[in-house]
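Below are two complexes that have chain A in common, paired first with chain B and then with chain C.
And then the complex of A and B:
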């Protein structure tokens, strides 16, 4: 918990270190000529002060701040700001469950994160479950050293080497293109509505993309672990006692082989929450990955800090679950 | 069990592959790269939010896309402008008698008064509007006509006639049903300092407006425009439905700005270009505005796409510009800036970054503006030899004979000045990156060290404001209506919009004279003089105006494509019947 708090605090403080840009305050760009009547520079300065005041950004950032000394002759002085600072207010609000409001549209951050999660979690959750199930089946199959082992491993290695952006764009241009194979719908054809249900059939292609991207690493690691286990003494004994390779894998080797793969599986949980940025951007899905990427680009810090808190909490949970899983798989683990 | 499932899957597949038939009254679906985020008419944080509000609300004057000029919308005619003394402008409007709100109440002068006061009130997200419209100091209603009023403006500038009518009029009843704002003078609100003690009446109005949350629920401050927002799925789709009985339907002849043809307008948010192009090709989106030039050319090259789509290009008002930080001692003199400007190969850059579309320019005035464009000036030509000669005239000399030897000249103190440039541009903008690379290559031929520093969007503008650059490359957004260069080139704007830090007494006087010129002839003369002066002083290097590319379904007409954003008139679009579409 301490790590999550430290991380979120760091992001909060770093994000507000410099003066906010006019865009993030919702003000027009003074260096453009597309404004009807350009405001005088003094009016712009006044306007910026008022925007800072209204958005609570005029207060000092932290409990203490450095007093600027123009001459540089005197030693650095620090000023105690008391509790009337941005960080104190933010922390108090977060402890009360209030993540603040988005700079961009004034909506509560929790609501934005919730809506994005409703789209992301079912998609990434289904992708993780599918990838895991297929990886288990595939690794078990490969461990039996069938004739297709080498081409399958080569294919998986090639898939792993393929950047996700190329995979996603390739699938989109190949399978949802009137000039190629027009099998899948594009985003605009999906029904309106939040969450995955209205998007329906449209999610098939992003799902396929996510499964294909997660599958190689899981399968290759699991297959290597299984191969290692099958060479162990207990496996040879079991085979000598007449157990088929299938029974051996299912009843004995798989459980042991899962142990080294557990951290990989645990890593999937924060990814479930953070969303797959590339897939969401390519397929235009309104999920967490796209929300956080756009918030970072637009310097929408309340959303960004809220996202960091959420992903941090998910990672914490994943580590706890991984520990519990390791204990279940191997009771010798303390 | 399996056969019906298979059949239904096949049917769904075939349906998704089939051609879409077009009915004349079907919705027009327009593509947006981003969600408008906030539809508050006081905020308008991005162009999409402005376009959406144009469907929900009306201003006194609005842009007529058929003529690319302002035309009366809620006002019944263009305003009457009178000058009073040497510091005031009186602008008189009259509202259309037919104009009503959705509940049937007439749109009256007091709604305009309340809107102006709302734009100046405390506790509201109105800082931008507040600064922009602070020139309107007083609202004078006409005692004999509830629809006539005069706006008293501080100063005398020709653009006041258009700018004074360019804000959305909101119904007083929705945010101030008791009319409590009428007791306040507009000037008192304009001059109200941020530190003034709280006012319970103003606070109540602000609270009521903020509680309505028009940014997310625009229906709560219902406008007198032709459409209502029927659905808004964030980051996905906005659906605007035409009001069945809109007051302007009865106007004969219907002014262009009050035309609202489509029964329904759907805006589909697709940020990814590949996805957007696919949607257009599949016929599930009808209009794709501001198409990236590469996608535009790719679509144009496809025979199948040409059969289905119509392609429009026009010249935008956005000019790609390089700007020097004239506060740097090495760049403080015009000869050095002139020399460096010759290192841009604008002709090749236009081909490389805009596929040859767009147009080169000599200055900040659009080349198609025959009256004001300084056509006597030649276009800048890439010439490293002449650049080197100009550098020598500016006092610079090569530090050696090897190609990487830099340039130096004696500084005011004992330390010599070195010529080395830090070039900033927005990261991720491939066109700017190309320009930066070309400039660096040209500079390297003269032995000038150039460091390219692509800068993340949020840090870019603060870095330019702080003067942390030698040369920037950015898009300067312009407009066809107002020639006022004070925000970007007047010495008073240094530290604000004047990023170059340029400004001389002569240039300040000329910029003020251009802004104040009332007659078109005088304005043209001064604008030409201004362009010549800027060429001489060279604080900015305007490279080229960008094209505005639009692709739409062939069966759409009345798009009025133009350089003015969004580049089409959404409310004027109509579907044509197959017979008409087939006609030449």
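And then the complex of A and C:
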């Protein structure tokens, strides 16, 4: 909690450190429009001052600031700004649930984030659930040491080495390409609202990418944990009493093997959000990750800070869930 | 629990991995000396998105949608990748080892600073930063000096430095958000030169090595040879640097290739998203990103994607072989 607050504050303060550029104030558009006579410098300065006032950027940044004095023996002195500063206002607004307005188009950040979440939450949630389910099934299968164990492990290791954006670009060019296999529509090809397929259909390929990126590490670790559990004394006893290896894995070993993998599962949700940055840019989905990447490219700080806060909150939630899961798996954990 | 047939494979695979990494490094170092048919980052407007291996064309591996030669971009992209990721990985490992090692060795109360010196330094800093009542800082320094002079017979007062809490707190702070999101946010707020990008990469990568070295240092610190070195009367700093730290850095031998692979992937992801480096710097990630403009150009994906994949596989293989 403290870490999320400190990190968001850091990003906020860093982003407001320098003087804001004209583009971020929405001035360049106005200047481009009156092509005939370029605005006089004094008029530009006036416009700039008004824009600063409008967006609350004229106030000092933090509770205190260093002021260059020029006169006297000491060239700088510290000035106490009181509570009328940008940081105090921002923090108060965030605590009241108001994340500010976007520099780009003046719409509230919370609304933009909410609209983006409507795409990202189904995507990452489904990816997490699917990856977990497939990893469980695959690890249970691999632990029985079938003939396809070695090739499957090698394939998983290769998949783990493949960066997500290479995977996503490759799949996009292979499976959603009018010149190769055109199995999946991409979001670009039809309009979002009136396209022939609902949003879920567009999500199929991105979902596949996210699952494939999360799967290898989860499966490899789970398989290692399962192999460790199957060598334990209780597993040998259960086998000696006549349990089939399938029964043994399902009702005895799997629960114990999940415990060491739990931190990985807790990291799954944040990792998928980070993965969504890449996947949503590649497949041009209107989600959280693409919003963040575009905000970073366009220096839209309120959106960036809001996104950092939101992702941090998601990670906190994942940690809480992991704690609850550990308690469920092993009642001895307090 | 290693199976015997792995040993026969391990030698050849390792040699192969080293050979590939050596090739990439050699390309990176020798890139300006090679006589490539086209220089990098130079658009050839007569050949936009030309396919590779066309008779009569000197673009052996084709060109991208802006007409830049893929071969030149690949070779100079290796320079960017190796230079940036290797430097970031080395710096992050060094910083992590120092901070994590110090945090594990001294914990929260092991490192003492004499109280008057701390107060004196604080006073000087107060005066130098020109905080309100700057002269109070000077008075504080002089009084601290005087007190330490008066008390020099009775032994000084010491102030413990909460090193462990500070390092763990910083790693928790940087770990609150996934690394890619953090780097994207930082890269968006600051205007980045290659050196700035390097600093951001190091800043986000050091907690991993730090955590490893700290955990190992807790184990090493309890070993008899450290106690023996201290019993010999060696100063704590020297025991830390000469005896304990080399042992505590052992886990980095496996972690370093993995961290390098992660940074390589992160750096190319950033270039792919068009966030980190300026667009005229050749990079594998940017080359891959240009494939989105030209969906039929498989040669834009195969070259850089294959190079990236082979490099990361080689690094992971080496990490596994060390284990």
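Here, the second predicted complex is superposed on the first by the 304 of 334 C-alpha atoms of A that agree within 3 Å, B and C clash if a C-alpha of one lies under 4 Å from a C-alpha of the other, contacts with A are read in each partner's own complex, and residues count from 1 in each chain.
Throughout what follows, contacts are C-beta pairs under 8 Å (C-beta built on N, C-alpha and C of every residue); 3 or more make two chains touch, one makes a residue touch a chain.
Quick caveat: nothing in here was measured; it's all calculated off a predicted structure.
Peer 1: Consider chain A as the common anchor and indicate whether chain B and chain C clash or fit when overlaid.
Peer 2: clash
Peer 1: In the superposed arrangement, which partner chain does A:161 touch: chain B (first), chain C (second), both, or neither?
Peer 2: The second partner, chain C, only.
Peer 1: State whether A:281 touches chain B only (first), chain C only (second), both chains, or neither.
Peer 2: both
Peer 1: Please indicate which partner A:169 is in contact with in the superposed arrangement: first for chain B, second for chain C, both, or neither.
Peer 2: both
Peer 1: With the two complexes superposed on chain A, say which partner A:122 touches: chain B (first), chain C (second), both, or neither.
Peer 2: So A:122 meets neither chain B nor chain C here.
Peer 1: Report for A:297: first if it touches chain B alone, second if chain C alone, otherwise both or neither.
Peer 2: both
Peer 1: Return first, second, both or neither, reflecting whether A:306 touches chain B, chain C, both chains, or no partner chain.
Peer 2: After superposition on chain A, A:306 lies in contact with neither partner.
Peer 1: Just checking: does A:46 make contact with chain B only, chain C only, both, or neither of them? Give me first, second, both or neither.
Peer 2: Touch status of A:46: first partner only.
Peer 1: When the complexes are fitted on the C-alpha atoms of A, one of 134-142, 314-322, 368-376 or 422-430 in chain B overlaps chain C. Which is it?
Peer 2: Superposition on chain A puts chain C right on top of 422-430.
Peer 1: Jot down the residues of chain A that show up as touching in both complexes, chain B in one and chain C in the other.
Peer 2: 169, 172-173, 177-179, 281-282, 297, 299
Peer 1: Sort out for me which residues of chain C touch chain A in the complex.
Peer 2: The touching residues are 129-132, 134, 169, 172-182, 184-190, 261, 265, 268-269, 272-275, 285, 288, 291-292, 295-296, 298, 301, 305, 308-309, 312-313, 316.
Peer 1: Show which residues of chain A lie in contact with chain B when the two form their complex.
Peer 2: 18-19, 21-41, 43-51, 53-54, 104-107, 115, 169, 172-173, 176-179, 182-190, 192-194, 201, 281-284, 286, 290-291, 297-299
Peer 1: Would you pull the chain B residues touching chain A in the complex into a rising list?
Peer 2: 12-13, 16-17, 29, 31, 37-38, 40, 43, 45, 123, 125, 127-128, 130-135, 157, 159-160, 162-163, 166, 194, 213, 215-216, 231, 233-237, 239, 268-272, 274-275, 278-279, 281-282, 284-285, 302, 304, 317, 364, 457-459, 461-462, 464, 474, 476-479, 481-482, 484-488, 492-493, 495-499
Peer 1: What residues of chain A sit close enough to touch chain C in their complex?
Peer 2: Residues in contact with chain C: 3-4, 6-7, 11, 14-15, 66, 74, 76-78, 80, 157-158, 160-166, 169-170, 172-173, 177-179, 270-271, 273-274, 277-278, 281-282, 292-293, 295-297, 299-301, 304-305, 307-308, 311-312, 315.
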